[in-house]
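One structure follows; several queries about it will come next.
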Amino acid sequence: MLPSPDELKRALEQLLPGVSLTLEGTVLFVGPKDLAAVCRCLKEQERFGLDYLANLTAVDYPTEHLPAAPEASTSGAAQAGRMDVVYHLYSMAQKHGPVILKVKLPRANPVVASVTPIWRGAEFQEREVYDLYGVTFEGHPDLRRILMWDGFQGHPMRKDYVPEDQDA
Amino acid sequence: MSISLDQLFVQLHGALLGALPAWARPWVSILVRIGVIAALAPLIMMYLTWIERKLIARMQNRFGPTRVGRYGLLQPLADGLKMLIKEDIVPTGADRLLHLAAPILAVVPAVLLFAVLPFGRNLIAADLNVGLLYVFAVSSVSSYAIFMGGWASRSKFSIIGAMRSVAQIISYEVPGVLSVVAVIMVTGTLSMVGIVESQAERWFVFTPWGLVGCLLFFLSGVAEVNRTPFDMPEAESELVAGFHTEYSGMKFALWYMAEFLESFAVCALTVTFFLGGWQGPPVPFWALAALLAALVGTARLLMWPVRLLGAAAMAGAGVLWGAEPIPSWIWFLAKTYALVFVLVWFRGTLPRLRIDQLMGLAWKFFLPLGLINILAAGLWVLWPFPIGTAASALLLLVSGWGLVRANNPAPLQSRTYVFAE
Amino acid sequence: MITPHAISAELLEVSLGPQHPSTHGVFRMNATLDGETIVKLKPVMGYLHRNHEQIGEHATYIASFPFTDRLDYFCAMSNNLGLALAIEKLGGIPVSERGEYLRVIMAELTRLVNHTAVTGFLLNDMGAFGTPLLYAFREREKILDLFEEASGSRMMCNYIRPGGVRQDVPPGWLDRARELVRGYPAFLDEFERLLTENEIIRQRAQQVGVLPKELAVSASITGPMLRASGVNYDIRKVDGYSLYPRFKFKVPLGTVGDVYDRYYVRILEMRESVKILEQALKEINDASPSISPKGLALVKAPRTFRPPKGEAYGRIEAPKGELGFYLVSDGTPQPYRYHIRAPSFINLTVLEDLCLNHKVADVIIILGSVDIVMGEVDR
Amino acid sequence: MIGVGVLKGMGVTLKTFLETYPWGRGLLRTLRMPPTNGLVTVQYPDVKQQHSERFRYFPFLVYDRTPDDLRCVACKICEQECPPQCIHIVGPAKDAQGRPLKAHGRTYPVAFDIDMSICMSCRICVDVCPFDAIEMDNQYELSASDRWDPMVYDKEKLLKPAEYFQQIKPTEAAEVDARLAAKAKKAAPAAPQPPAPPAAPPPAA
């Protein structure tokens, strides 16, 4: 059986001391720099066994602001807007789930570690998020645009994207 | 002079020559033969396309062509017209001359093959005493044409298709020839007429070595003319259209013509070598005439005067020649079209092999079986009836089984599937 | 001694698609060939991209239904069901019992439609000139007739709604469905007689494009493709959504994970679907309306539906795999985020792994066995 | 046994082949073979497929007695809800002072256009219409030689009588009529509206 989000958080904090985790409802927010470690732990620990990344996507919040992030070393406090990357994890072996992970990223320069080395299934989904939202996944083997063409400017799923022929 | 239905065309030809001065006769005779073949070949090709489309459609719960003419009978004409008025496209950077020459080079040998087909008793354009060699010599030219077309198209799909084609044609020619060697050995002649006449008592297909040879020859022939299940060079789902991807209009039609004429020729040659050619059991002609009259008379889509006239003509022919046996050329055509049906049937059912499996089949299975078949034919000739037949049958069965085992066509086992709750 | 590498040839780059008879739409594979062998293959997609997700974020929840029909245009009904499930989760809409039965019936009929068509396409890709495909389409038409009677459209059904289905089925429909389901096993027998045991098919499909279990799980492969590799994971069983726990059915699993297993697992799944349909068509009753009152209100006035702030991920076992809808609500009639987890898009992840060291001809049948529909891949 | 699979498959195609001819069917029946499908193609322009009552293709506007008595009141709900945004309504019609004009007691649209090339026949406009003024047609042969003008259907082209609706979709029309009758009964006490104002649009030619 999968532990409840609460227990999950506690278990993770025990296994990975110093990891930044916050729980909002059923969603577990992970600090961007801890993501890879948390994911690896969730996949490899027998009791979680989350071997299946069902869904990976992003949500754009241009009007919400990142709280004073622990890694405030980036350019000052002026981080207008945030970008969430969402992971839905299940276990195929133990048939449980989902565990919902989210990572809050600064909208101006969203960079997060790629989970493709952990789950191959993230390969195309991360490319899609990169293409449509402009989130850069560090460590992705082949991060290119996937749905839009190579020379395309901008990221069409961002809330402030204006299509070229709006009036046509 | 009474007109025999069997010798109808021969007698017409004779009558025409008889009306001419002696010096003109050989020339006119040659011209008539060329003219008949030149007129016949496109007609055969056109209606082969119609037959193929109709038959495959029926195997797939469809009607096939129905719009142009009754039963879609004028569809080939409409297709030809469409091909003629289509734009002729040559890809940029293609070799224009070879691109044009290739389809022509493909059609010529296909038509040349018709010169030695024995359509009926005394009904052969040129009874060469090396007819068999001529057949193989002429038919192998088509691989040049295909490679030429593929190379000249300057397209990757074309060149892959052309390379596959050359490999395939050269590979399958060997078992094809080997299976006929047995026939030459038994009949002792290379002449087509000679081969047919030596089957007067027994068609070769009814001997053990003949059955195997027939299958080998027919399947190799199917492979040589790139038909399903061996249609690798123009594998639609992989190579778009293979070597003729970049052809359009009349050039494309010429490729098709070559393909269909060669498939007809393969069927006709199989009939000649193994299925007794124009020989047939002595069934009286009236039976066939009655059948045809009934068929025409009950054709629902034809207008009634046409049906009446057609049925009357058939009945009249039955009355006139009813006592004669069914003419030799009808036997020949009937057998050939039966094989054409098999070709179409293959196409309507079977998927295609992969190129490496195809080559494996030719070199690892057909070639050794062809060689053993010659031995079997030798045994059949050497010993009298029951022993020779039994010995050759036994040899072929054992070696066939051994070849299958030796090749071990890999994963032919059935699978088991688990059902989880 | 000549080693295989002693004779080296120039590599040939071939662009299979986007205009190609066997790429199932405008899909492109940039293949690098060594002779006929694939040494590298990169899928290129996006030719049909229309940013469905953004359209969904500007439309009401209900207005997205007709667009989901066009995702995987073979399986409009199950696409509708996926979105309906996500909306029900988000807005807490109860579903009427008859509505649930009708949804299960429609979803399983859709599975029949899809698997029949895809096995036909797969055999067509192997070179069987149209015959299996046309037999498959012949049967598919009969199911589409049923869809038309119920929803008014053959393929773009737009039928399932949060809370049930948009309209009850017309009188007599259930009897016609029962008749079709009764006749379906006979068709499957004929279809299998046609080519399942065929030696050429076995030569072509067995041991080709083998997908190992571990890679399948790690690469998020779902649906028949996953089960052909022997992983027992069927969302109908795992999540038990809708009424599926009520029905007895089994999950067929392959052993090798090659093209042949993917073909045959689909045939076996159709047989299981027929079992589900038989049970559902037997048990269905008209004790409840086909849509719950709350759902009906939604059909009549989509703009009144303002789900509370929050998010929901609804997933179903669509014929091609896990179809997920991720919805984020900000309390307005339009979803704040509308994301589709498209099974055929993610199943393409392993295409290169499956194709390496195979021949060109194998690429085509491997692609056919993955079962993609570009409307869903490109969205 | 090698070859059996191939022969089985060829048997299936041969059987299908014979099944498409009367004599072949007779032969198969005498051999006690179960019947299969035979020819299933519909010869389209000559023979048309029978469509079910619910078959939907492109909406039309319903009017009751005369074409100016259309049920649409130009509330623009369908325009708002249409997923591909193919409906364009101008109205409701107003006089010079900006007061709404009425015909048969109802406001009416000045213009009602549907772009046929955008419409995807999803039936959402019918679902959301509170007045049952728009319904789905079943005519599907609507091709035109030009993408622009002929494909934009204006009010005149969209208007069809209620009898037509009753004819193509009797069950649905009966439901709608019952609903409208109930509504009319409820509204009956209200004062009868004045007759159509002069500014009413001319009925369709």
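Order of writing sets the labels: A, B, C and D. Residues in every chain begin at 1.
Just so we're on the same page, a residue touches a chain if its C-beta (ideal position, glycine included) is under 8 Å from a C-beta of that chain, and two chains touch if they have at least 3 such contacts.
The structure displayed is predicted, hence computed values, not measured ones.
Between B-C and B-D, more contacting C-beta pairs join the chains of B-C.
With centres taken as mean C-alpha coordinates, the chain found closest to the middle of all protein C-alpha atoms is C.
With each centre defined as the average position of its C-alpha atoms, the distance from chain B to chain C rounds to 44 Å.
Chain D has its Cα centroid 54 Å from the Cα centroid of chain B.
Between the CA-based centres of chain A and chain B the separation comes to 64 Å, rounded to the whole angstrom.
Centroids of chain A and chain C (each the mean of its C-alpha atoms) stand 27 Å apart. Chain C has residues 131, 135, 138, 194-195, 198-202 in contact with two or more other chains.
Residue positions of chain D with contacts to 2 or more other chains are 2, 6, 9, 12-13, 16, 37, 40. Contact with two or more other chains is made by no residue of chain A.
Interchain contacts (touch definition given at top) occur between A-C, B-C, B-D, C-D. Interface residues of chain C facing chain A in the complex, by the touch rule stated above, are 45-46, 49, 51, 53-54, 215, 217-221, 231, 233, 238, 310-311, 313, 315, 322, 324, 326, 328, 336-337, 339, 341, 345-346, 348-350, 378-379. Residues 56, 59-62, 156-157, 160, 228-229, 231, 235-240, 347-357, 409-412, 415-421 of chain B are the ones touching chain C in the complex. Only residues 2-6, 8-9, 11-13, 16, 34, 36-37, 40, 51-56, 80-84, 120-124, 127-128, 130, 136, 171 of chain D touch chain C when the two sit together in their complex. Residues of chain D touching chain B in their complex: 2, 6, 9-10, 12-14, 16-17, 20-21, 37-41, 43.
Within the complex, the chain A residues that touch chain C are 25, 27, 51-55, 57, 59-60, 86, 88, 92-93, 95, 98, 100, 119-125, 128, 132, 145-149, 156-157, 161.
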